[in-house]
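Dropping the structure in here first, questions after.
Think of it as A, B, C and D in the order they're written, each chain with its own count starting at 1.
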Amino acid sequence: MKKSEKINGYGERFGLIIAFFIMIITISFLSDRFLTLPNILNILRQSSINGIIAVGMTMVILTAGIDLSVGSILGLTAVITADLLHSGIPVFLAILLGLLLGFCIGFVNGLLITKFKIPPFIATLGMMTLARGLAFTYTQGKPITGLNESFRVIGTGMIGSIPLPVIIAALVFFLGYLFLKRSRHGENIYALGNNETAAEFSGIPVKRYISLVYALSGFLSALAGMILIGRLDSAQPIIGQGYEFDAIAAVVVGGTSFTGGHGSVWGTLIGVLIIAVINNGLNLLDVSSFYEQVVKGVVIAIALLLHRLAQKKN
Amino acid sequence: NKEESDGLTLGLSLSTLNNPFFVTLKEGAEAKAAELGAKLIIVDSQDDPSKEATNIEDLIQKGVDALLINPTDADAIVPSIKKANAAGIPVFTIDRGAAGGDVVSHIASDNVAGGKMAAEYMVELLGGKGNVVELEGIAGTSAARDRGKGFNSVVSGNSGLSVVARQTANFNRAEGLSVFENILQAQSEISAVFAHNDEMILGAVQAAEAAGRTGIIFIGFDAVDDAVNAVKSGKLAATVAQQPAEIGSLGVDAAVKSLSGGSVESSIPVPLALVTK
Amino acid sequence: MIEQNNFILSMENIIKIFPGVTALDDVTFRAEFGEIHALVGENGAGKSTLMKVLAGINSPDSGSINLDSEIVEIGSPGKAQSLGISMIHQELALIPYLTVGQNIYLGREPHRKIKTFIDWKKLYKQAKVQLSRLDMDIDPKTLVVNIPIAQQQMVEVAKALSINAKIIVMDEPTSALTDKETKILFRVMRHLKDQGITILYISHRLEEIFEIADRVTVLRDGFHISTSIISDISSDDIVKMMVGRELGDLYPKKNVPQNECVLEVKGLSSGKLLNNISFHLNKGEVLGISGLIGAGRTELARALFGIDTFDHGEIFINGDSVRIRSPREAISMGLGFLTEDRKEQGLFLGMSVRENITISVLKEFSSFGFPFFSKLKTLTEKFIKQMNIRTPNIHQKVKNLSGGNQQKVLIARWLNLNPRVLILDEPTRGIDVGAKAEIYTLIDRLAGDGVGIIMISSELPEIIGISDRVIVIREGSITGEFSREELSQDKIMQCAATGGIDES
Amino acid sequence: MNLKETDIKDFLRRYSVAMILLIMVISLSLFSWRFLRPANLINISLQTSIVAIVAIGMTFTILTGGIDLSVGSVMALCGALASGCIVRNGFPIYTAILLALIIGVGIGFLNGLLIVKGNIPPFVATLAVMAISRGLTLVYTQGRPISGMGDDFVYWGSGKIGVLPVPVIILFIIFLISYIILRHTRFGLHIYAIGGNEETARLAGINNDKSKIFVYMISSFTAALAGILLTARLWSAQPNAGVGLELEAIAATVLGGTSLMGGYGGTGGTVVGAFIMGVLANGLNLLEITADYQRVIKGIIFILAVMFDIYTKKEKKKG
């Protein structure tokens, strides 16, 4: 089947994978706690939230767009879901409504971009400010605490010894892969990211796909938000602030290009894991908070340089 | 004295409204202003000193009768206070002080003392022995600095306690959760945790619960509603109460009193309290 | 070496290998002082690659280059320029939001006393001069996005000429030009030749080569086949050497149009671009649309295909009045449109041949949204074979194909849809004779299958060769209509240029 | 054809961002009489000048199709370095300022190297440098503000020349320089060319790498300068200064009509864009809109402003 395409894709990420392993080996030399099963599960669980958001972000960036509003959508849907739970409606309904809200806000982003031709950066920046404002207005700035135990399972549950968030994230990645690389919709999304005019002239419903992609991004942000508040047992209006940066960084570190039409969720997965491992390593090694950022920046830069180096060699 | 304060407009500049502590402070101030019939204009600096300077300039332009400032930083606020002084607007600082300029009155409780209070209670609970973790606030903010300073002044003088991890979680509950998760992985023996605010300690409590680690003493700071409830239910050992609503209320009270010709103390301490079960 | 003194340039034993393709296999190429040396070959033969090696864009895997009998290393485009080599690239590469003048002098801006400051007055004055050398009457301060593609091509020419070069490479400069501009260009080329400048000229239009070139070199599959003096060789010889076999009749023309009208346009008007256009198209008919550049032919096609809106007019398909508001609707009504600008409006350059060909039929080959990749592969391979698309495999990125093969990929995409009406806007632009013949055969076969075809072309021989009927457009209006029997180049040109046939 | 009408449309198209600013100014002055007072206008320009200076540098990187996320951190670092050198090491203030500016430019050089030589996408390269610079600021200041730089230093942020605050005058000078660079120098033209089509620029013999590195040096320079001005305005160097400023600078640039794809736009629009945001913030404060609603309204107005801009541009195309 698409064998040589696969090999190509793998080759492109080869350097990144190497950089990732070098990082893992280095940290495991510095801390014997690092490569233990509980910590690996811990890292996976922590990356699940950024991972879920980053899958949506990957789709958005594949269309040559960007979504700065993910963190705010997460925040707004989280507080509203928490409030719905407090109001006593059935858990599954609250979840459904929360996810639907995320989907709708994302869809509005899509409309602003396709119907009103607002550049994605501006449209989602506006939405980021707006949704955060709504989250604060809605809660009056106060956290909503004490959530239904059966709801919290989404964040705290385990299947066997694997945390539920990890399984959800894995599912999201797998579905993302199926959608982008196996379904015709994915191929259409790559095509429109590659050349929007050509896509339109080929009869691809470009606007519909763009709206869909932002809606999915909103939906996934909402999903990530549920996991997060499930774990925290509380939704704060500030929750999710700055998450857009982590998600975008993961996507771009993973090799998806801002010009659109090039990249994949597997690259994003590596990006997400790299970021999570850095954060985990810094905590395990008890790096002082002053030096934390320096180390983080240097590690990301070195990882990418290694990646490019390997790419050149290939 | 309701009549006297009629028509007074007070400007209240808050360092951030992203933190329930300041939201409660704001509400205390609002309630008092409503009671006294004064008008309150509130601006949010979002922890950014330059936004703060801007906001305060706008309030001065607006011609408020007095300024209640909760500075993002004691140094960075000085030029703004001087501007207000030049415009003849009396200034009151709230919760955090200023390093210069003419301030009529400072209404606050002492962060350093609060840190000490938390540490002393921790020493008492631990019997002077154990591995301690400190979750720090946003690096470079004065709250993080002062609370850490107070806490460490006690802990470092106590040979039985050793701080095994000291990491920032940026005053944020979600980060408190993940950072403490990571620390739990690194440290098999943790006896107590102190966090620079309640948000972080509540995140840490969730992390410990999820990991099934019991017997850890958690102490927070701020006494926000969630934390007080957590103390009641036994999840938190204690939280340092600064009585934010009281601070806000006293601030408005002092400003109105001073504007209507009364005299106010140059420093109005708001007592700290340790909330325990 | 043989009479090396006569050669200004000799490229010796050049080898250039791309992943999966040997683009140049031990090619030796020499050019004399002041000659116009044509370079011909099929799409993908390696013409552009050879010239890019000369211009410092591609570095050869082995081989050497002599310039004025000295071995030179041409590492970069800047170096090539300083050695007196300038190149007009096959793919238009102007910068859209800069002015014409800025584009012409990019990298070589006239400056004031302090070198960092541009002397705008001088720049635009000089640009004006360069443009007028090409009979171009446009303001050099116009942004490049705002001028049509033909004028952009002439700006490219002006840019190459403005470098006082010893060797000028022209890679298919006329593919986007009509006769008028081509004539101007040839005049300028002869003038340059008289000044002792060497011109290396790539074109797929053989008649041009016989008109302008002194010598001709044929490449095939990366090999050097022959170099001959133009008077020693015939057109058929060249074609034979290019394609490696005898080529039959270029314009097959077997089918006969049916009597059933498939598309009718009544009174189509749009601003100043289109004015009361009415025509009909029968099943199995090839309708040629001729006209000068900027006449509005592309505008007409875009309006039909639902890309641009129009003010008045009605469109009928199979007798039913239809409203077409988007390309999607057009496609669903059985229309297909091959755009003239394949890079900007047609191809997904970063995607594979398979993806480019099958993008419009994914739905038909999917169940529950998941395509059967094996079927798509078979389909793609069928087209590759049928249309003789030169690619190492179906996964090759389209950007790595030669221009002609890219065009075939696009045509394949439209054929996939089995359209009722296929609009082809300059379908053979940049395509070699062999492929042209294949495309003409294809058009004829499609017409034979009952597809109505609208063929927009600036090449008169081709329009005359394959159309059943031709309409001529001038300044947005139809100025003439000819049946196959009445057709002649003169008549078309007259309608296109002056708006009617003089009785003289 | 009515010549006047097309003139107006053309004018609208070219200056649509400025029109938005004008509309905002007019409507705000209807709502609040304080708005149009000279003192308030000067106040707004002072507030806006620092973001605008950073945004001018940002515009250079965006014009090449890049982006610089490190500006906020560079501001903080350079402000802290200048203050630290004066307060801790007793450097003369201009030596300290010069040193900080040089280090700022050096960071820009590092950004450029990572992007050009390391072939790392600008977004992540500058994101990494953003983290590094912020960390270095925290290390250097030990998380504490630095103050006590003296009146000569403070003058640069808080002083006035005539009625105009010094940062506003500096903004004006920086804008002028940027305008000259972009409109009248070869380097400026090459920036547009690189943003328009890198390959073509390369084929034209332009040294893309050098130009790009230089662009990031400019961006860091303006950030460093803004950092020093901010420090002087606040009379203290804050370790957390400039957090999130990159987004504001980018927003000002894009609002001002520069395309994130590169190759199109200019610093004039950027300054107007920065003022739109400044006027909006000031207006909302003057109208006593509470903090939560301010965000909501800001988001909406932001989107509306861009809609207007796009709408006027579309008008021209049809006409």
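Just so it is clear, a contact is a pair of C-beta atoms (placed from the backbone, for glycine too) under 8 Å apart; a residue touches a chain by one contact, two chains touch by 3 or more.
Since we're looking at a predicted model, the values are computed, not measured.
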item: Centre distance in Å when chain A and chain B are each reduced to the mean of their C-alpha atoms; value: 33
item: Distance from chain D to chain C - Cα centre to Cα centre, in angstrom; value: 44
item: Gap in Å, rounded to a whole number, between the CA centres of chain D and chain A; value: 29
item: Sites on chain B at which at least two other chains make contact; value: 17, 139
item: Sites on chain C at which at least two other chains make contact; value: none
item: Touching two or more other chains - residue numbers and ranges from chain A; value: 136, 140-141, 289-290, 292
item: Graph class of chain-chain contacts, one of line, ring, star, complete, other; value: other
item: Touching pairs - complete list by chain label; value: A-B, A-C, A-D, B-D, C-D
item: Residue ranges of chain B in contact with chain A within the complex; value: 17-20, 23, 26, 136, 139, 164-168, 172-174, 177-179, 181-183, 185-186, 199, 202-203, 206, 210, 224-226, 229
item: Residues on chain D engaged by chain C in the complex (per definition of touch); value: 184-187, 189-190, 192-193, 196-197, 199-207, 263-264
item: Touching residues on chain C, where the partner in the complex is chain D; value: 55, 57, 76-78, 81, 87, 89, 93-98, 102, 106-109, 111, 115-118, 120
item: Complex contacts: residues of chain B adjacent to chain D; value: 14, 17, 41-44, 47-50, 53-55, 57-59, 61-63, 73-76, 78-79, 99-100, 138-141, 144-145
item: Footprint of chain A on chain D - complex, ascending; value: 114, 118-121, 123-125, 127-136, 138-139, 142-143, 247, 250-251, 254-255, 259-260, 291-300, 302-303, 306-307, 310, 314
